[in-house]
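Before anything else, here is the set of structures, which you'll find just below.
Here chain A shows up in two complexes: once beside chain B, once beside chain C.
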Partner chain A sequence: MILLSTPPRLLLNAITCASLLFTAVLPAHSQTAEEKGLAIATEADQRDDGFGDYTADMSMTLRNKQGRESTRLIRSKTLEVNGDGDKSLSIFDTPRDVKGTAFLSFSHRVGDDEQWLYLPALKRVKRINSRNKSGSFMGSEFAYEDISSQEVEKYSYKHLREEELNGMLCYVGESYPVDQKNSGYTRRITWLDKAEYRLQKVEFYDRKQSHLKTLTVSGYQQYLGKYWRADSMKMINHQTGKSTTLQWTNYTFKTGLTDKDFNSTSLKRIR
Partner chain B sequence: MTNRRRSWKRLYVYLLCISLLGCLCDHFIKTANAAELRGDFSLEGFLFLSNPAWQHQENQSASVAGNVEFFHDLQNNLSFTLEGFYRLDSQDKERTHGDLRLAEFLYYTDNFEITAGFGRVFWGATEFVHLTDIINQTDQVDALDGEEKLGQPMIHFSLPLDACVIEAFALPWFRERTFPGAKGRFRSPLAVDTDAAQYESSSKKYHQDFALRGSTTFADADVGLSYFRGTARDPVLLLSFDKISGSAFLYPYYQQINQTGLDIQLIAGEWLIKGEAYYRTGQSRSYAASTFGFEYTFVGIAGTMMDMGLIGEYVFDDRDNGWLPTIYENDIMGGVRLAINDMASSNILLGLIRDLDSGSTIIGIEASRRLGDSLRLTLDASFFIDMEYSDPAFAMARDDCIKLELVWYW
Partner chain C sequence: MVKIENWIGDIVVKYRWLMAPGLFLLAMLAASGMQFLTFSNDSRMFFSEENPQLKALEELERTYTKVENVLYIILPKSGNIFEKKTLAAIEFLTEEAWKIPFSSRIDSLSNYQHTRALEDDLMVADLIRDAKDLSPEQIAAIKEIATTEPMLVHSLIDEKGSITGININIIKPDDGSYKIEEVSQAARDLKQLMDERYPFLDIYLTGGVMIDTAFGDAPRRDMSALIPIMFTFLLLLILFSLRSIFATVATLVVIVLSTVTGLGIAGWLGIVLTPASANAPVIILTLAVADSIHILVTAFYRMRLGDAKHSAIRESIRVNLQPVLITSISTAIGFMTMNFSDAPPFRDLGNIVALGVLSAFIYSVFFMPALMAILPLRVKKEADTKTNRPWAILAEFVIARRTPIFWIMIVMIIGTSSGISKIYLNDEFIKYFDHSYPFRVASDISAEHLAGLEIIDWDLKSGEEGGINDPAYLQTVEDFANWFREQPEVRHVYSITDIMKRLNKNMHGDDPAYYTLPEERNLAAQYLLLYEMNLPFGLDLNNRINVDKSATRMTVSTPNIGTAAILSLERRGRAWLAEHSPSMQTYGSGLSIIFSSISERNIRSMLKGSVIALILISLIMIAALKNIKLGLLSLLPNLTPAFMAFGVWGFVVGQVGLAVSVMIAMTLGIVVDDTVHFLSKYQRGRKEHGMNAEDSVRYAFNTVGSAIWVTTLALVGGFTILSFSGFQINSHMGAMTAITIILALILDFFFLPTLLLKLEGSK
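Now for the complex of A and B:
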């Protein structure tokens, strides 16, 4: 699943390829802020191309205003799909009453994602409507749209400025969800470091244009000499004072996953 | 007859213990992390709000139940899963029962999957009535809503292809439905004597049943087409008299049927559309039944984290109701599901089933939340309103109740 760590990816068609060449080659002043924003997002996406597949373990800690905490353990598997969004599978190990519940998602560059939930007690696979993307993922401060694969086409972009964040020079840009009707956001402001195009911080603005949440990403490590993944992501909700921290461990790339690990048959034998 | 029942039960418990011990030993001898043992333990209390309608029934009951699940990766692509269940009920002898919910070997490759043993399979799409789900027998005495199922002996072959999944089931041994005993509520005026079960087939419970299913996802729809030939899971209840005492009782009669089923889950914009239908022959005249409806979710209602799902469904069943009665003849169902999305995963479900012909209405409320990390508390209430004499659910007209359940997951 997750994707805030995964910079968006995209197999370029001829047209975007050409426009990217232009934007990369021509001097910056000939670019509009929108073009530059898209170019940066596309570059970040391209840099993650070819990872193939990976598995990872995630602990998700919910914290309320009073500081009370509750942790869920989730295993995730992700498969890169050429020419489209990733396939991902998340399996819940705790809380124990939902152990074995699995969430399967096929993200698409264009159009709605496809999502299913597997309920182990009933051995039942239920279709989920991915348009409910602004809903909370498992009671956390992450919405479904925050944890689903971040395809370039799902947003439009605008480059704002460059500024330093935690000692790194960053591109600061705005992105606007294409699916404005169902997204919980009007815009996001993102910080990507210039050196490696890794997401460092995101501010989320709700439908009333007020600052809803801030995501801080830290502990990046490089895998296979190319792909960056973060160890920690912290989402703070400024309106409720609640927060959710994701801690990632055991990233393993090129594990040999295929489409057959992401179908309804394999979903039913999930442990 | 009761002795035979008891010996079956005893056999189950033995089977369970032996296989569990065997697996545990096996596990400790072999690898340490390829096995997994877990389960739950629950306490449950029923309080009925009216005096019972039928002789011997009680006003309250309590029970304890447990599930033990053992999983072992025997080698690459081969595993064994065992799930045993037992409930001890304070009132109803029939509800004191055990079952081997699962005891199956699973072998899979990239191209196919095969399971053998006691398994569980779900077919269907809708929320209120599960018409097409036929592989497993309903553990009727364990849960009124029919969601609890008995383990079904089977060999289950799955072939996932690019465009669809083909499954075949060989079902060598039939499981009889459980029914509440004389002291139990939610029953017909006369208790069902499950020991007196009769079969249309001379092979009785060893009739070789078989089933096929094809399922596919195209565009925004998940579609399943299924065929079943064998012993009906829902028996006809017939009246008989005890030869000695002359007292009346009901006994189940299991007929041979053919059933072709269809189930669909479909996304239409913000809506989820679901439907199930089947055509069945073998029980009185041939008939069809169908149910369909929608689910719509309001996300983050009133600026909170709460989600509110609305469910509306309709069922129409054209069976010979004099032979094989159902409470879902021509009914509408409505539900509201509130997910609080808090740390305790609290949720509330309100459901209503109304018979359009008789006006009989059943209302159910279910509220549940987690306590700490491994306890879950559930409050259930059921109300039977304006029950019409002709409605098959009339026998439960006085069974309004509140149920409290605490489950500990270990």
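Now for the complex of A and C:
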């Protein structure tokens, strides 16, 4: 699974890349808020470039307004794809009724992502409707579009301001989904710390411009001396009072995964 | 007591220039609290926090999602939904509805997530998308699905395809930002837009939000419509009976001051007005008239006999202080026992009216006489014999025919009271509002063709995480749903098993033979997972399945069938569960269930209040009359009118609801007044003037007959006007009270004197 916190690479041509970097690092007076927003998003994306692949374990805890909880355990594998969005595979270990179910996702820079679900009880792979990206992932407060690969091209941007959050100076910016018809949001407000370009907080605004959810990311650790990954992500739905927490453990990078580990035959081999 | 009576009369006349303006300022100070009055628009205001059914509903809402709803009903004038332009309109409304503030979910024919097999995949998609491009064949296919799918038919569409509903769930956030007016206004604006864009459709608007809005509008409508009528009526009544402009003005000032004092203090206390308590002004206006009338009638009577104005006022206060005080206290007690009610709006109503009645006493005794002492007042002396002649005739008639009248009264009491057996409890909260409310019309249409707004929710627990996928659990839920579908009063059942069956069919290449529940637990779980993974924003199953998949919510909808039927259905459902799946045993829940039990709860709680009111009022009567026999005797004419009124109601209407549960306590305090006045004069005749029973009856009729008549007219008029309220609780309360007071008057004029004569008169 690919996360908000790990914006994937983007293969831009060298010139664009250099100019964007230039504008991001050196504040030019002629830069518009839109340009600066894009530059920041691009820089954040670039900083995660080259991780190759990684695996991690995730526990997802759903909580309703009454405080009742339910936890799902998921193993995830992610492969960096040059020139396109990442591929990811999530294997569900609990609840026991869906043990062995696997979710395969190819994100794309342009166009709809592709998703499949392997159902062990049927021993079949089923494609999932890509128009549902606004839908809930496994009944959680995370939508697909929240957890899928955050390609830079999927949003347009606007830099708002810089402000301190939890002792870190952050870029605060707005982003607007390009695919407005199928997205559940009209805009997001993101907080990225200036030091490392890590996502700290996101506020989601729904189709009637109401504040729907807030995501808080914490417990960042650095791997391979370069790649930051968070231990905890908490999504609160302000309208329903429900929340979902993701706890990450056992991050392992460069495990040697290849394309062959991310196709429909590989799904059926999973246990 | 005698000393105080004289002393007060003296004080009031002597310090009239201090009393009148001083009390006026005091009233204004109290009235300034009215600026803090607000109106509640929440249908749950009728439930106290300790209401067990409300607690059950709130638990259900915390487990799933607490939602209000806005419901659009669409009726094409052509009678057929399945036309391109109508489908396009449905699609448009479905999209636009997302812009309604606090909307969280839209369910319509167009965004219904239809599932089908496509090669080896499961296709989950909107039933209607891009309606303008649909071919006739596609439309026919959509019609076939819509009118046969158990999730839709009788819920969002009728069998013929002539009417459809679009339901918008509204989530109230906890942060206080929720403004119901914003939601209902946006809903109305959207309806107007639809009306303009699609003139070939009839569009109606209802749902919980619109009902709650109506709850908020009702008091405003009542207050602005009924109070002016009430005021005009009282003005004319007082003018005709007192035949003095100054006296009329003084009386009107008293009732207005009493009303604004009651409301003002309510404002200071932070009481929120509800449709029930917002009628306090009408009731205070009505009740406040009596005190002033009694004092003025006596004063005019003395002046006609030749007394000077000031001594007439003093004498009037002297003879009236005790009965006016007693009637005010007894009325206040009657209203204050509404605090025993389980429904907070009645507690507020009782307290506001009690405040108003007590301030009416103060203004009538201290302010009004002082004002009269200041204002020029003239009375024609010869009027005396004329005005009292009818009362003299009535007195002679009653005395002469005492025996037949007495027995006729007894027969009448028993006869009318027997109608109580025809009374049954029923509350239909939608019918609290008459057809002048647009949502009521919409609800009736919805109830006729679609699911209706009276629902029972069942929180069916499997007892373990993921247990809803257990085939045995699913089978039980399926059986339970099917059992409900066989019940004649059930219109629609929403059950998760319908989704399961369809998914099983879809996963087997849409083979109808597989329209059955999955046979294995993990199969069911994985179908459901796949399905949920395919659902777009706002259409997830979180409002149907709890987080750990251990329970599902089943919804049984009925056309508006009323309390008794809803409760019976719920009881039978519970019995079914007890027999077939004791582990799933639970209570049905929902607003209709709470409304259905509230009358019963209220009547039980008010019974206690009524008994306490009865005891207190009787003790006051005994103490005031200083006579245990007369005090106990007064119970008869005080209590019987309520029973007779219930009897009359039983013969004429039959159905009683929330409103009449507070009736006995409330009317007791009011009807006592006439008895007090009659008995106190009767006793004065016997004691002060040493008359026999017959002469005392004559004395009572002559001195107090006309005052009783006028005040009763005011009361009957006031409560009759209340009965024209568009809000059923108020109109029923008004009608019932008016009937009770009329009966009380009959008893006071015919039964009480003949009873006194039977006991104390000469043969």
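We adopt the following convention: the second predicted complex is superposed on the first by the 260 of 271 C-alpha atoms of A that agree within 3 Å, B and C clash if a C-alpha of one lies under 4 Å from a C-alpha of the other, contacts with A are read in each partner's own complex, and residues count from 1 in each chain.
Everything below uses one rule, namely that a contact is a pair of C-beta atoms (placed from the backbone, for glycine too) under 8 Å apart; a residue touches a chain by one contact, two chains touch by 3 or more.
Values in this document were obtained by computation on a predicted structure and should not be read as measured data.
Annotation: superposed three-chain arrangement on chain A; chain B versus chain C shows a clash. When the two structures are aligned on the shared chain, A:Leu62 is found in touch with chain B and with chain C. Once the two complexes are overlaid on the shared chain, A:Asn82 sits clear of chain B and of chain C alike.
In the superposition on chain A, contact is made by A:Gly184 with both chain B and chain C.
Of the two partner chains, chain B is the only one that A:Arg269 touches; chain C does not reach it. In the superposition on chain A, contact of A:Thr101 is made with chain C only, not with chain B. Residue contacts after overlaying the shared chain place A:Ser136 against chain B and chain C alike.
When the two structures are aligned on the shared chain, A:Thr249 is found in touch with neither chain B nor chain C. After overlaying the two complexes on the shared chain, residue contacts for A:Ser70 are found with chain B and with chain C alike. Touch criterion met: A:Leu122 reaches chain B and chain C at once.
Only one of the stretches 255-263, 435-443, 507-515 or 741-749 in chain C has C-alpha atoms clashing with chain B after the fit on chain A, and that stretch is 507-515. Shared contact residues of chain A, touching chain B in one structure and chain C in the other: 62, 64, 68, 70, 95-99, 122, 124, 126-129, 131-132, 134-136, 138-139, 182, 184, 240.
Per the touch definition, chain A reaches chain B in the complex via residues 62, 64, 68, 70, 94-99, 112, 114, 116, 122-132, 134-136, 138-139, 182, 184, 240, 258, 260, 263-266, 269, 271.
Listed in rising order, the residues of chain B touching chain A in the complex are 36, 38, 40, 71, 79, 106, 108, 110, 113, 120-122, 124, 147, 158, 160, 165, 215, 217, 220, 222, 265-267, 269-272, 295, 297, 299-300, 305, 307, 341-343, 345, 370, 373-374, 376, 407, 409-410. Only residues 59, 62-63, 65-66, 98-104, 120-125, 171, 173-175, 465-466, 469, 507, 520-527, 529-530, 532-542, 545-549 of chain C touch chain A when the two sit together in their complex.
Interface residues of chain A, counted against chain C in their complex, comprise 62-66, 68-70, 95-99, 101, 103, 115, 117, 119-122, 124, 126-129, 131-132, 134-139, 143, 182, 184, 206-208, 210, 238-242.
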